[in-house]
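Same chain, two partners: chain A is paired with chain B first, then with chain C.
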Partner chain A sequence: MNVSAQDGGAPASARAPWPFRVPSAFWLIAPAVLFLVLFFVFPLLKLVAISLPDGSVEYYEQIFTTPVFLRVIGETFRVSLIVTVVTVAVAYPYAYAMAHGGRAALLILTVALLIPFWVSLLLRSFSWIVLLQNSGLINDFLIATGLIEKPVRLIRTPFGVMIGMVHILLPYAVLPLYTVMKKIDLRLMEASSICGASWFKGFMRIYFPLSMPGVAASAILAFTLALGFYITPALLGSPRDMMIAQMIAGQFNEQLNFGLGAALAVVLMVLTAIAVGLFGAARAVLQSRGRSKGGV
Partner chain B sequence: MRNILAMTAMATLLAGTVANAADTTLTISSYGGVYQEAQSKSYFQPFMAENPDIKIVEDSSSSNAKLKAMVETGNVTLDLVVTDDSFGLDTDAQWLEPIDYAVVDKSKFIEGAAGMYRVAADIEGTVLAYNAEEFGGEAPNGFADFFNTEKFPGSRAVWKYAASGIFEAALIADGVKPQDLYPIDVERALKKLDTIKEDLVWWESGSQSEQLLSSGEASMALVWVGRAVNVAEKGIKIDWTNWTSQTGYWVVPKGTKNKEAAMKAINFFTEPAQQVAFTKYMPYGPSNKNALPSVDAKFKGSLPTDHLDTRVLMNADWWAENGAKVDLRFQEWLLQ
Partner chain C sequence: MDRLRRMLFWVIVGVTALFLLLPTLIIVPMSFTTTTTLEFPPVGFTLDWYGKVIGAADWQSALINSLVVAVAAAALATVVGTAAALALHAHRFPGKTVVMGLLLSPMVTPVIVLAVGMYMVFSGWGLVATRLGLVLAHTVLAIPFVVVSVLASAGMVNPSLAPASLGLGASRWFTFRRVTLPLIMPGVLSGAVFAFITSWDEVVIALFLADAQTRTVPIMIWNQVRTNLDPATAAVAAILILLSALGVLLSYKFRDARP
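And now, the complex of A and B:
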């Protein structure tokens, strides 16, 4: 506050403690904060403004009174939830093998995980078409071997959407799990087995609870990403598997109704925030319960 | 040091002359791909050769949403945009400059090709394409056969877009005369569509429609004519008994600084010589009636303008007015 005192180079100890002193870490995150405010917060507020033309909530009214929108929003959350559960269930053993399977396994599994990660999402969805369609590789193979007579419908079904989405989300779910698992001290498992616990019991009582932060992180990541899926359900699902992002795109690109599109996007965002908040709260409750149980 | 200064001065001078050579830059946005390449070869390059003072810069891919956002934020970077049937109507006046018919000759266009805010760039169509091998020599005959899954089994691929022409096709298959289509009886069309709902496969991009046809995944499809011609080698044929109109249009975004040059370009692009050259590269017909007789032989017979007598002309004004409502009903029907 007193400029001259600072300029005078008074020893730090002699200076009155400055209540407004900013911690130096602030300057380190300043570019990121500035970037987010400029390119994320500002456009987001703009989006909210577009959804409320002259302060009118007509678009929100329309969303909450139109069965189509409500149904697609509900379907989006339902599909995302199922996809999240499947993704984490598949990712868990994969991450376990990466964390504890030795160097060669780690290398192979990491490469296998990351190569598809670098391929464009559109291309991966198209590849699934080639595999899954009625005249695709899987059906051709099954028919050629005489296992089936008529093609099985794999594509344009909820199964098609599921397999495409799980595949795309897998790296996002595996990596947080892996970072947590790699830090788990396996000697704890040894200790449990010395104490007479079976591998399964040790896993359930020691390893699994310790890996929970990884499970939570990968589930939240997979879930929030799944809510915004657009291309995959369009290519691999039937129209009945429509997700809200497709409707948002339709309002912007086809109907040119920016207001309704923006309102739909805001609704999706708010519901996502609520879902993630609930998830976090549930986790906190579980953790505190676990801690008190451990204390007893 | 002196040398460097002199060279810099020279370079500046030269750059100045180059800039002088083209004092207007016309930025045009089209749909990219082979379509825009064809436009570049038959429209843009000849135009620049004839008008050395105007330089054309190409942009892709056209989007009505982008145009709208651009005009609304007052940052108009495009001078001329190719758009589709759904845009450029009188109801879109707030985003577009009216066509200056003192510069563009209105009398040369075929019926319905010259509007207040748009003129047709080319005449396209959504056609019934089918896999000739699937039906053992039998060929479908119009939209009625598209709905006849007994005689012509297999999946049908259709654009997942309410105004794609699918409502018109369903009604014609149900016996409605083309001149009585509008106003569209939405529920009647959906009822007709219910009869083949399990056989319908929806596409959302042109490449997807090609993939569905060429892989044999769909035995019939309603696709853009250019896409059907692309897969002709794979045994895909076109049935011209009924087809719905589709058109590419030139529009000029409101607030462009190069309005005059844009109008001049529109007039040039729709002259017979340019439009005939365009038919060398794309199976889309000319919008200039004087170009019709002399189209290139390459796609003769596959051009929509060779089949204008069977064209079902879509009523863009009706769609502009009712599109949002019909779209919601269509989405609801899709979810059922």
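And now, the complex of A and C:
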């Protein structure tokens, strides 16, 4: 029933006053649009419908009045925010080195950035389990250097989740920063030092403000992606530090409360849409300054 | 002072690079260990774990499922996505921004949201626990990558070539086959590789849509990691990394190929 409704929708727009040659554009684009409407938009709309049985907002009321849901949403925000700050802070010098460190550095750093980018998220989380476990490399190293005496619990803690998330988000954060930084003229910094400014002052007053569009773009991108993380928290975290994606999965897999799960999914969708909107705005600012095309 | 700052800077950058590479670098050596637990550095050298994985019936069927689904999803996404990208590139039409937004939005939608949404809809259509359901879902994820890749490639083509071919009397189809398609081929092929890898690595949607018969390699890994960590998982991981590396090399080869 719904299928035929979607089918009927698309050709109707073809009768709009299209300019010359457009029928061919229409036939080129129709399969992709139809496909996504059926298998992408429709499932999302279905979730909205399930979350509002008979137009009642009871599930949303339940989410926003029950402490456990509020805690998970709050935890998702907290983890995403910390992870974003750490990721951008680590990405900043890395992108700087790529932009201004010379050809050899650029090559090596790009390879180091792209290799993990191409290894699946699941495998990298698996690898972090091995590295962070009590008998893992990180604990062995800390014991060998005498920093600690017996293994510290790293896995199944918020710390483990954050390490794994920063690792996955880092390439996404570096690329927009690099795009902006490579267009910044370093002679501005020279000029400031000739005029007597210290390196730190020159950096804070000139370089950092110029790199701001990249910082904004990479922060919002990292935050958007962090909100929806499922695999990494599920493998590296404990159930106590659950994030919203795990809670959604739990409602569908274990609690079998589809209405509530759908409402949680809609909440995550809306939060992500807001973050993506901010990302778009940051990119628009970035482009209007004529510095780069930005983005990943 | 200046020297010190410079040195500190490069140390930080170096540690970051190590942090990025470490998890990938340790997986492959761990798959050769002779112990039954995951050890790094590995103890001894054996290929038994590879033999165990390659010989196991459930891994074999997962491998076949993964290959069938990824090839089908990549093919579907490439055809549909290339056509859409060409239209977006060559034509102006009302609602173009909206269409563009729709084509790219699967990239920014949280996968868990897509997974539960598709689960609800596909179960009504009898697509849950079928390979077709997985193919359709993975195609949704892959379309944006094909569109972006083909658009980038089409942007580099001299825009007067297709009109020239049409002006010389060639048909639209002939122009597409002999002029446009060869010129955008690098973008199409690298989009196809992206699409393949997207499906090949996908786990969240597969967790919701696949059953014991249709489960893919990532699902097998997920189950292993959740239950017992043994070197066989590292062997599978090493095989997957090798395949991804081949894919990346292919996609860069296509991208750099000059028509």
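Methods note: the second predicted complex is superposed on the first by the 217 of 296 C-alpha atoms of A that agree within 3 Å, B and C clash if a C-alpha of one lies under 4 Å from a C-alpha of the other, contacts with A are read in each partner's own complex, and residues count from 1 in each chain.
Just so it is clear, contacts are C-beta pairs under 8 Å (C-beta built on N, C-alpha and C of every residue); 3 or more make two chains touch, one makes a residue touch a chain.
Keep in mind that this is a model prediction, so the values were computed, not measured.
Output check: A:Leu147 vs chain B and chain C. Expected answer is one of first, second, both, neither. What do you get?
Neither partner.
Should A:Trp128 be classified as contacting the first partner (chain B), the second (chain C), both, or neither?
So A:Trp128 only meets chain C here.
Report for A:Ala104: first if it touches chain B alone, second if chain C alone, otherwise both or neither.
neither
Contact-wise, after the overlay, does A:Leu256 reach chain B, chain C, both or neither (first, second, both, neither)?
first
Could you tell me if A:Leu235 is touching chain B, chain C, both of them or neither one (first, second, both, neither)?
both
Look at A:Pro93 in the shared chain and tell me whether it touches chain B only, chain C only, both, or neither; answer first, second, both or neither.
After superposition on chain A, A:Pro93 lies in contact with chain C alone.
Name the contact category of A:Ala25: first (chain B only), second (chain C only), both, or neither.
A:Ala25 sits against chain C, while chain B stays out of touch.
Considering only the touch criterion stated at the top, classify A:Leu47 as touching first (chain B), second (chain C), both, or neither.
second
Check whether chain B or chain C contacts more residues of chain A in the superposed model.
On the superposition, C touches more of the residues of chain A.
First (chain B), second (chain C), both or neither: which does A:Cys195 touch?
It touches nothing on chain B or chain C.
Shared contact residues on chain A, chain B side and chain C side combined as an intersection?
126, 129, 136, 235, 252, 258
Which bits of chain A are touching chain C when the two form their complex?
13, 16, 18-19, 21-22, 24-26, 28-29, 31-33, 35-37, 39-44, 46-47, 50, 90, 93-94, 96-97, 101, 105, 108-109, 112-116, 118-131, 136-137, 167, 170-171, 199, 224, 227-228, 230-231, 235, 245, 248-249, 252, 258, 261-262, 265, 268-269, 272, 276
Tell me, which parts of chain A touch chain B in their complex?
66-68, 71-72, 126, 129, 133-136, 156, 234-235, 239-240, 242, 247, 250, 252-258
Which residues of chain C touch chain A in their complex?
Going by the criterion above, the answer is residues 2, 5, 9-10, 12-13, 16-17, 19-24, 26-27, 30, 38, 40, 79-81, 83-84, 86-88, 90-95, 99, 102-103, 105-106, 108-122, 136-137, 139-140, 143, 147, 172, 197, 200-201, 203-204, 207-208, 218, 221-222, 225-226, 229, 233, 237, 240-241, 244-245, 247-248.
What part of chain B is in contact with chain A in the complex they form?
Going through chain B, the ones touching chain A are 63-65, 68-69, 86-87, 155, 160-161, 201-202, 204, 208, 211, 215-217, 323-324, 327-328, 331-332, 334-336.
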